[in-house]
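When the chains are written out, they are named A, B, C and D in that same order, and each has its own residue count from 1.
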């Protein structure tokens, strides 16, 4: 793809803004899966507390997905700060990522409703794994086509591309563990976003990209 | 319409940003049509899988509409990168396009629920056809009123305007086919966005518009 | 309010962007009020058509609210293109406007469900009247505190402020007519946005504000 | 955290835009908690009015949450206008704030449904208290790490950081009062946003930050 045809594609700024919009909406829609429980005695505080505690798995699945999407939002920006040019393939890989992330409310709702169902937990893991894989493909593609800014250290991009398979592998593991012992899958769902969150400040730190805000 | 009165209209940047917002919301709201199925045995993985497979048409309609809106988002940008000035008619044609696209979740939900109903499939085709027609009218209007940037090759705009009726015609065909054999309509629903996606890098490539991001 | 304290307020650009976001979401959420009808025979095209026709009032209320919000979006931009500075009162008047507009899905849903109920139609009229009044107060306040750009003709602002009460008055009339003959209220609901849409290119045309996009 | 590693974080502009998006969505989603009441006689205006009056607590909870989020939006901008640089901790404190605010529709819906239930009112107070605390932690962190612009008076930031605990303390009080006399909690829910709204023009007024719009 040459510069000419790239002229017909939305640039990185537009793609980043659109992705931001989708992620902001996904993260906010998650709350719609939480429905007020029915109380027999409307003014009974004790019944309300019992009903809220019974919603525990729903609150937990809400929290997990919220942090997963939030971490993805941060990493998505980290990626696009390095990118100078968008080609057709990067555009569609990003669309695949948005497809997976905007689908998240459905499996979130499922695991909140059926927290002990192995197939349901595996579905949740699968969706997050696809998001992680799509994001990893974006890094790999940016590396091989050198879509990043001139000042970016190629080793930084290569390292991020290589490391990005750890997340999807852990989600695959969670999908398997769900059939052995569901709580282990839940534990991994909580740990994996931490992994994504913590890897962040490391890799790109040494690159010499400018400080300026892109938007 | 002269430049004076155009001063009271939102410029192309605003119109593009607002349309982006609407499309980001539509594409993310689609998931709300997917409701968790009811499981008799909450922990039965086999029942969950059967229930998820039964949701097949809903997942498929979700996917079709997601890609349709995503493709429209890309093409909408491709259009606005060429546009220098918005007049009243372009504003209202764009509003008609947003009306059709933001209505998409309803027929999407309908075909997911009644995948074999000819009238329902025709409704879905009709809504997407109206979106395609509105977009085509935008191209035609931009061509006849020369609303594009000075550097844009008029032949590129003319070609896009002419070619833009193929999509609506295919949706009309899908509406007819729905009454003959529903699966044929489904097949067309999958094929048409591909047509829109693939036509993209072609036409505008030769125009000499600048590379700079507009936003 | 002096410039010092204004430093702690979001500027016109931010206020405009936030309002844009709210309006884009409102206009897109309207579709969620449309639920797929239940079909006894899932594949019966005739039954589907009958069921869709029975949704007529819902489609109509959707259309009315969509165009009302779209027209407000255009007029809101027309207003903010003239504004140089936001003070506390303008901020809260704009919040009141957003409150009325983001409430619109509820009365929209009500008139779609009970199209012949006078009280329901009056509620719809009341909400749109409040939106119109809040917007008119914004114009009046901008006029009296001279919050507009230096190049803007004060007569243009004065004219817009004066004319802006026609819309609210018509909605008040619609609320009254609803109790006499509901279809008359429906007719007015369709006509009033046209009034708002058509008044647009007129008033500001003569002002000498620059063509440049503000965002 | 040095400038190098900060290069991998979204800058203040991006964080502000994303937070804006989330707040715009939250404030607009609140209306989805309002469902049209069922009328036995669809055209009976009197029954409709009675049904709407019965929705009183829902309308009130809608209003309270709308103004709470609107006030937070204003204060959030006031904060970010002073901020020059975002570090990891500020990023995650802001995420915690967004988590609390995007959760608001759930307790809003709860107090609308069970307006006299002490535990439900305490939940609402708790969520708003967490939002207030997260915001206060943002101010404190910005103060101690000097993340603000060079021209900002440190005393202004110190004052805002100190004063920011009043809101959370009042919400804690509301949670306690809910168990004594629920209407007192409701009264406080209405008063506290006023407190946040009124404190605004004061503190930052004296600082000499530039007037220019940051976005």
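Please note the rule applied: a residue touches a chain if its C-beta (ideal position, glycine included) is under 8 Å from a C-beta of that chain, and two chains touch if they have at least 3 such contacts.
This one's a predicted model, so the numbers in the text were calculated from it and none came from an experiment.
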(request) Please give the intersection of the contact partners of chain C with those of chain D. (result) none
(request) Give a one-word verdict, same or different, on whether chain A and chain D use largely identical residue numbers at their interface, taking over half shared as same. (result) different
(message) Distance between chain A and chain C based on Cα centroids, please, to the nearest Å.
(response) 36
(request) Indicate the whole-number Å distance between the mean C-alpha point of chain B and the mean C-alpha point of chain C. (result) 25
(message) Can you list every residue of chain B that touches 2 or more other chains, as numbers and ranges?
(response) 17, 21, 25, 29, 32
(request) Report the topology of the inter-chain touch graph, choosing from line, ring, star, complete and other. (result) ring
(request) State which pairs of chains touch, listing all of them. (result) A-B, A-D, B-C, C-D
(request) Spell out the part of chain A that touches chain B in their complex, as residue ranges. (result) 1, 3-14, 17-18, 21-22, 25-26, 29, 32, 88, 91-92, 95, 98-99, 102-106, 109-110, 113-114, 116-120, 123, 179
(message) Show me the residue ranges of chain B that touch chain A in the complex, using the header's touch definition.
(response) 17, 20-21, 23-25, 27-32, 34-36, 39, 42-46, 48-49, 52, 62-63, 66-67, 70, 73-74, 77-78, 81, 197, 200-201, 203-207, 209-211, 213-215
